[in-house]
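Labels for the chains are A, B and C, by order of writing; each one numbers its residues from 1.
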Amino acid sequence: MWALLTRDLRLAMRAGGGFGLGLAFFLLVAVLVPLGVGPEGGMLGRIAPGILWVGALLACLLSLDRIFALDFEDGSLDLLATSPMPLEAVVAVKAFAHWLVTGLPLTVAAPVLAVLLNLPVEGYGWLVLSLLLGTPALSVIGAFGAALVVGVKRGGLLLSLLVLPLYVPTLIFGAEAVKRGAAGQAVDVPLLLLAAITLGAGAMLPFAAAAAIRVNLR
Amino acid sequence: MLSVEGLAVARGGIAVLEGVTFRLAAGRALILRGPNGVGKTTLLRTIAGLQPALEGSVSVPAEAMAYAAHADGLKAALTVEENLRFWAAIHGTREVEQALAGMDLLALRDRRAANLSAGQKRRLGLARLLVTGRAVWLLDEPTVSLDAASVALFAGVVRGHLAGGGAVLAATHIDLGLAEAEVLDLSPFRAKAPAAGGRRGDFDEAFA
Amino acid sequence: MSIWEYANPKKFMQTSAGVLPFVWGLAAACLGVGLVWGFFLTPDDFRQGSTVKIIYLHVPAAMMAINAWVMMLVTSLIWLVRRHHVSALAAKAAAPVGLTFTVIALVTGAFWGQPMWGTWWAWDPRLTSFLILTLFYLGYIALWQAVENPDTAADLTAVLCLVGSVFALLSRYAVLFWNQGLHQGASLSLDKEENVADVFWFPLLVCIAGFVLLFVALVLMRTRTEIRARRMAALLARERLA
């Protein structure tokens, strides 16, 4: 398992692209939205939680199709499926690697971008905490979607169509937590629900994703 | 070691082979032959457990098979040694050095897989078999893009594997230089159309 | 005689051919009676005027939008567990029908909402949930179309349907949490009839029965088409092989 994790991380570093692209996209969203809606600080502060969460979600989506597609094309997935490592563990490890190279950097970068969007000071801590709790769910759900379309050529668009509806609860609870935090209200309920989604998705979806991969390999 | 009994396999939902039966003992090699499209790859993938059989059974000790497909599963961004170490770690073995030496890759160990020639990549892909530590090798056209010297090298590796109590099942058109290997021609096992006595039952009756 | 006998495509084709005309007839009769009764023979609501009569399309369509997904969930499970092809094809056949009912519910809702709330669309929990349901239908249909091998497509869409059901349910509660909304409560439930007066209630029941029958007829017809298409594909593939 450790071997697979270090391999995926090493590949992400060496191939360049994947690591920085998501962050750059996240930055672009934070720059483009004020240009679109106008510079008025109060309004930006109000919509900042939603923009940041939607931005993180789309940035995460960018690199999803690489989770399994590359391994499928070069035959690694066949070989992993016949290896002693259970496919469920392969999915879990690869989703975790995806989170380390996208979700975690996004979480770290989010407070900087929150400055651009004039997020109220009270919201910063909750922003980081909600992303920390919620982005792993984005990676696991995304890995499930990627497993479904791994056999489809040019499945990127299809992947978005499948995955984005599944992101709805995570987005709602995540953005809601930041919104309430920024307004000085209690945030424990949305944060707990967010954590529940991450834990539930992490526990169940690797099985569904592994089943989908087995079907796609036949 | 590997025993296949009345196996029927399908490609794209259509039966291509049926009634395939053979046994492979430890220390033996079996070469599968047959024209293109007869179902050699499909048969190997079915035996490897990557796709379900239509009927029949494959019996083999648990986790004894190593499958080598057309694609080698190499990562272009990793070096030869890193590629091999990864598969060794996945299979929980440590024989990377012997594998490098066996397929004559010691001089290339720090080169990235992206910079290997097709034949060198293939040798690396075959070296992966050595680090799996598994007894039954399923090989799909293992010598594609290998030169004569490399084919001989690989034949030597296969002999060593057989001598160590392993077994090899290979689909190939090229003479591997294994005079002792048995040959199984798959042409007689071609699946018959349902009207001509197929036996897939109700489903075919309605859908074909 | 077990219900699984109808999982045999041949048996299914024979039986459905016999049943289908009656289902169509009953659906037409129920819809005709229900809609005429509802539109022309019931009084106007004292507050909502004649606008209320859109309920005879809106409520049955909304019910069937959800029931179609439930039916897909059940048939997907049957396919995964028992590998009956007819079951998988029925799920495939039901999806566009369910999507259409969802769109009908949204559109009639907009026509009802405009005079009542003064807006075509509001981000109300119910409306939002139906919009999300539309997205789930679209994804499901797109996956069926994208995967070439029919058995692979059946397996993948079945897994998606299972996981999607869980997330659709989660979304429903997330949306409730997100906004409390202005939609009126459920228009009918079996134990609390007081929501809707009897004069509206009986024609509504007839309309609901009509929509259920219409759904059954459409799904049966589409499943038959899918079976025929599948059979043709198999014949062509065999011909190429020979």
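The rule we apply is simple: a contact is a pair of C-beta atoms (placed from the backbone, for glycine too) under 8 Å apart; a residue touches a chain by one contact, two chains touch by 3 or more.
On a predicted model such as this, the values are computed, not experimentally measured, just so you know.
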In contact with chain A and chain B alike are the chains C
Of all chains shown, the one whose Cα mean is least distant from the combined Cα mean is A
Among the chains here, which has the CA centroid at the largest distance from chain B's centroid? C
How many Å are there between the centre of chain A and the centre of chain B, using C-alpha atoms for each centre? 37
Centroid of chain A to centroid of chain C, CA atoms only: how many Å? 32
Distance-wise, how many Å sit between the C-alpha centres of chain B and chain C, to the nearest whole number? 48
Residue ranges of chain A touching at least 2 other chains are 218
Listed in rising order, the residues of chain A that touch chain B in the complex are 2-4, 7, 10-11, 14-15, 71, 73-76, 78-85, 217-218
Of all residues in chain C, those that touch chain B in their complex: 8-10, 13, 85, 149-151, 227, 230-231, 234-235, 237-238, 241-242
Residue numbers of chain A touching chain C in their complex, please. 144, 148-149, 151-152, 155, 158, 161-162, 164-166, 168-169, 172-173, 176, 189-190, 193, 197, 204-205, 208, 211-212, 215-216, 218
Which of the residues in chain C end up touching chain A in this complex? 132, 135-136, 138-139, 142-143, 146-147, 152, 155-156, 159-160, 162-164, 166-168, 170-171, 173-175, 177-178
Show which residues of chain B lie in contact with chain C when the two form their complex. 12-14, 193, 202-208
